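Both complexes below contain chain A, partnered by chain B and then by chain C.
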Partner chain A sequence: MDLGIRIKDRHMWMVFVLPGVLLLVLVLGFPAITSLSYSIKPEKAGPSSYTLSNYTNLLKDPFFGKTFWNTAVFVFLSVASHMILGLAVAMVLNRALPAKPLFRLIALLPWVVPDVVAGIIWKWMFNPLYGALNDLLLKIGFISTQVEWLSNPKLALFSVILVNLWRGFPFVMLILLAGLQAIPRYLYEAAAIDGASKWQLFIHVTIPGLRKMIVVALALDIVWEVRRFGLIQAMTQGGPGILTEVLSTYTYKQYFQFFRFEYASAIAMVMTVVLLFVSLPYIWMISQEE
Partner chain B sequence: MKKIEIIGICAVVVLTVCSFTSAQAAQVTLRFSDWHLTEDVWNKSLNEGMDIFHKRYPNIKVTLEPVSYGEKETKYTVESAAGRAPDVFHVHAFSLPMFFGKGYAKDLSPFIEKEGPGFLDAWYPLPIELMKHNGKMHAMPGDYMTMVLFYNTEMFKAAGLDPNKPPKTWDEFLDYAKKLTRDTNGDGKIDQWGFGTLGAKSPGFSLRFGPFIWSFGADYLTPDMKRSALDSAEAKEAFAFFVELYTKHKVVPPGLTAMGAQDVRTQLAQKKVAMILGSGWTPPIVNKINPDLKAFEVLKAAPAPVKRKQATAIWLSSWVMSPNTKHPNESWTLMKFITSKEIELKWFVDNRVTSSRKDVSGVAPEILNDKFASVLASQLPYGKVEPQIKQWPEIMDTFNTSLQEAVVGMKKPEKALAEAHERINAILAR
Partner chain C sequence: MKTSSLLASEFPFKVIVWIFLIAVCLYCLFPFVWMLSTSFKTEAEAFRIPPTWVPMKPTVDSYIGIWVRKNFGIYFFNSTVISLATAVLSTFFGALAGYGFSRFFFRGRRFLIGFFLATQMLPGVLLVGPYFKILSRIGLYDTRTGLIVAFLTICLPFSTWMMKGFIDKVPVAMDQSAMVDGCSRLGIFFRIILPVVAPGMVATILFAFLLAWGDLLWALCLTSSEPMITVTLGIARTVGEFRIIWPMLMAGSLVGGMPAIILYIFLQRLLVQGLTAGAVKG
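Moving on to the complex of A and B:
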């Protein structure tokens, strides 16, 4: 190739990769570096140009500790329920069902709804006075009085997780369904000939066959759930108290409501480090494959 | 055709094209952003206002940028940080210290000086003071309204209460609220409540809590705004009174901590609650939610009830010019237009919001003869504004968090308030 300058063929890949790398640096690298630099700036202008006080203040902030714990509970229960329901639905949809494409489409619908829209819809569903959920449960006699789904301290976080289960399971289902379709039929047939039960087929054929897909789904789902913002903000804004406050809503609040850019950036950097650790198995697995 | 004629025609064409392009080049486009653009009634009104502006100033074109009420600070912060904020935008007055602190509001004093002495005399002194940063005007005041009690006269009659005698004290208010909390269909379950109010973490919460805390004789902060004043006996009394409306007297519908302003207005529109605290925007929005209610006929307004002194919260909005605007003179022309006497009166007629101009709210027959606006205007002398300090949103969020914890029974009111007091002191000491 002659572009006025001669590039050896073995170096041509650099030319093709360069625009993508530049774009990544621009849209990911620049904000990340800006956040990092904000996080080590003092909140008050003073003699020191750089400081770790925003990070040490995190340790003293009681709301941050509770928010971190809420995030851990939210992510653990959301991801666990996504995996269980996602796998169950994927296995059903992998069977020879009539109108299979239609069922797959229906199962995917919650994933198509934007986060904030889902939050607003479910906030109405949970409304103690007009909400469809209370109305339904009252009619079938399951409850005798209105349940305060988003105001009861024992229910608020679980109500949000319930909605997040509905909202997020299709993604896991989609990945696991692809994995199920890639498991060779002969493995099931051979095991069945050897007298394996359905449970044994599931444990010794399906799960090992899905291992890589499970790691991918787990890693991506954890990353997305740590970042989940619109759903919670639309439903509870972190309340009652700070029972449903998670790191993403707390960061947003510090940044855009309190204008504490430096402190908010420190929280964002902590989230980034946590997510990096969570992503390691996924990155390791991808590099092993390559 | 003779040569001279051809030259003449060519000259006319060239001159026409040149004059057209120079007029085009002289036209300036301004970006104008307001959360009201997302509200039906206001949107129509603002568009009509801009039509008038375009006719008067054909060289200025204004493009409208809607933003949701909850997202406006986010949008303007991000855009200001990037140097791309709208030329003119609308925010709460209590957001101003944060915009001032970050340098996101242009100094308007050169423009105001050019208008001549006495230009600002048309406005009430309080809103003018709140627009100043380091003694210089950095914003222009907009809507200026007091929070008052709105009640449904038909529900009053059905509960055996005289609709011409609204509650005057908070004790009387509680008595009324209990009578208005009823089982209207005889199924043994309460389906109508006396009072609807916000409990969600929303900017509107402080407007609804102000009439309680200030009327009880308490305040959030000490006069120098250096410490929390929530440890006073009056503050504890006001806090407990509000919490017990929900926990003890049960005159507020379930789900308080998730209820935002629109949820509460919907409760009033659907006759689920008989009284709410609101302002000029309340009747048109309630009417829009449920036209069958006939809000303008059925609703009445009264001053907020009193405990120790007459006091209520003031809603004040402000117009800000971006320091990054490329057209400051045209932006000022637009700001002057939207805050002019004529247009402020239009905002009232269309949207029922009273003005921060005393030559509008204090004298306009349209306001003084209006059954809602006259009550709002009568309360302006008793109005208080929230502390104009940059920590205010964080302080209010902390207070709201503690109130929610008390409302849902996680903590006793005294403990929740004591924690809020400590945390607010920590915020102020930072």
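Moving on to the complex of A and C:
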């Protein structure tokens, strides 16, 4: 009977899936192709209508190189710290605790507010003279003079990453907590009976049980951190100089401050290729399961 | 039994866990407390050295000022309309596609699922340039409609994936019994599936709403005039002004972040379920 019903209306999938697909192609696929075509257009009208000069100019642009490096540092440190803190908090929250929902809610708050709001709160926290952070650190004797969190060239990028740690770890925590709750208790009990230490439990039960969730959290987090825009725009706008400039803010500037659409599109294309490459294992894993 | 005795034997470990937990809570909450405190200060007090932690003469001037001296009312209206329209549209189309992916096994299904997933990965800056040009040409630049269309690019893939996760959990037997009773596929979808996954739809609408509400990039690139801008852009513009009035900015940020915070407090469980059902299936 099951089979009979399926065969009878098996073409109905189009009614459900095609509106979404067509809409996606229209609002997303079409502009993406447009962007690709911008990126191979010469900036100044010349003899040829197609060129790779935007891409070769990228390689010659020292700002692009610096921005690319900043993005790599920003994404790597952000994601690594998200994973470590996220896992630690998830493991703590997975224990039998009183008031667990309250703690989970508090830990989620930084992730909930808009990017801009997060950036602005911390810009004010970081204010060398009137901000709370320096005052706090001075009072507990951790520092002896005011720290220029966002304008010291050596510190600026790391200050931004510190904020991004605050902002982004709750998501990883959430995903990993769901993963931890799905690991059957008897696995721990069986291993404990066999005399496994806490560390062995962690390495041989927790981590393997979380493998899939770790892949998911890693992939999504990397993609989100590469695209991160509002936080940095609100806090530093890429400054001082280009010390906290990342690819997304740099592309935005090329588009809307210098109006170099072709060049900006080439940067965006580079970002897209990197993102698709990074997320390929995730996409592969998920679509194979289907 | 076994586990409780395990826990009892590790008293120092427990203390470390609690210290860690409290430190994390302070890290998470401290900036919000600072924001709250500043928002109740006078402008003069905000610029005191060293800063005061509790306002000496608490005032709600800033909370009045954002509505009276700034156009927060307009920003709020715009953000609400735009985010709600985006959320409802993307959840509706997402539910349709999600049902299709969940119940039909057709040729090219895997490819289309991969396509939906891949579109989630595209960076916004790839699309804002073409959007700016296209919307300008068809007269939708600096309109709420233009922004709604643009936000569909962020929200539709997410909504589809999340709705598919919820629909996957509904047993196929429900479809089949309705079919035996002579119900059409669309009838099943609207009359059986949608009511069953209503909590999931609420979660999806919320998530899409928050995605749209929290955006800055698209609002920055596709709107410009005061009557059209959103809360996030309104806040971001204040930072660019020559003289930043911090208490007012903090009040604005708090009010602008409030819808998100309130929605999460009340619907935390639903959203966590949605995120882990869609993005992550157990």
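The criterion applied here is as follows: the second predicted complex is superposed on the first by the 282 of 290 C-alpha atoms of A that agree within 3 Å, B and C clash if a C-alpha of one lies under 4 Å from a C-alpha of the other, contacts with A are read in each partner's own complex, and residues count from 1 in each chain.
The rule is short, and it goes like this: a contact is a pair of C-beta atoms (placed from the backbone, for glycine too) under 8 Å apart; a residue touches a chain by one contact, two chains touch by 3 or more.
Note that the structure is predicted; figures quoted are calculated from it, not measured.
Aligning the shared chain A places chain B and chain C in steric conflict. Applying the stated contact rule after C-alpha superposition, one finds that A:Phe258 touches chain B and leaves chain C untouched.
Comparing chain C and chain B on the residues of chain A they touch gives the larger count to C. In the superposed pair of complexes, A:Gly238 makes contact with chain B only, with no contact to chain C. Contacts of A:Leu150 after superposition: chain B is touched, whereas chain C is not reached. In the superposition on chain A, contact is made by A:Ile106 with chain C only, not with chain B.
Of the two partner chains, neither chain B nor chain C is touched by A:Phe68. Of the two partner chains, chain C is the only one touched by A:Val21; chain B is not.
Once the two complexes are overlaid on the shared chain, A:Ile120 sits against chain C while remaining clear of chain B.
Chain B runs into chain C after superposition on chain A, and of the options 59-67, 113-121 or 221-229 the stretch responsible is 221-229. Shared interface residues of chain A (contacting chain B in one complex, chain C in the other): 123, 129-130, 252, 256. The part of chain A that touches chain C in the complex is made up of residues 1-2, 5, 9-10, 12-13, 15-17, 19-21, 23-24, 27-32, 34-35, 38, 85, 88-89, 92, 95-97, 101, 103-110, 112-117, 120-125, 129-132, 135, 138, 166, 170, 174-175, 178-179, 182, 185, 189, 192-193, 212-213, 216, 220, 223, 226-227, 229-230, 233-234, 247-248, 251-252, 255-256, 261, 264-265, 267-269, 271-272, 275-276, 279, 282-283, 286-290. On chain B, the positions that touch chain A within their shared complex are 73-74, 77, 98, 101-102, 189, 199-202, 253-258, 263, 267, 270, 272, 390-391, 393-394, 397, 400-402, 404-405, 407-410, 430.
Against chain B, the residues of chain A that register as touching in their complex are 43, 123, 126-130, 145-146, 148, 150-153, 235-242, 252-253, 256-260. Interface residues of chain C, counted against chain A in their complex, comprise 2-3, 6-7, 17, 20-21, 24-25, 27-32, 34-35, 38, 46-51, 53, 93-94, 96-97, 99-101, 103-104, 106, 109-110, 112-134, 149-150, 152-153, 156-157, 160, 176, 179-180, 185-186, 189, 210, 213-217, 220-221, 231-232, 235-236, 239, 246, 249-250, 253-254, 256-257, 260-261, 264-265, 268, 272, 275-276, 279-282.
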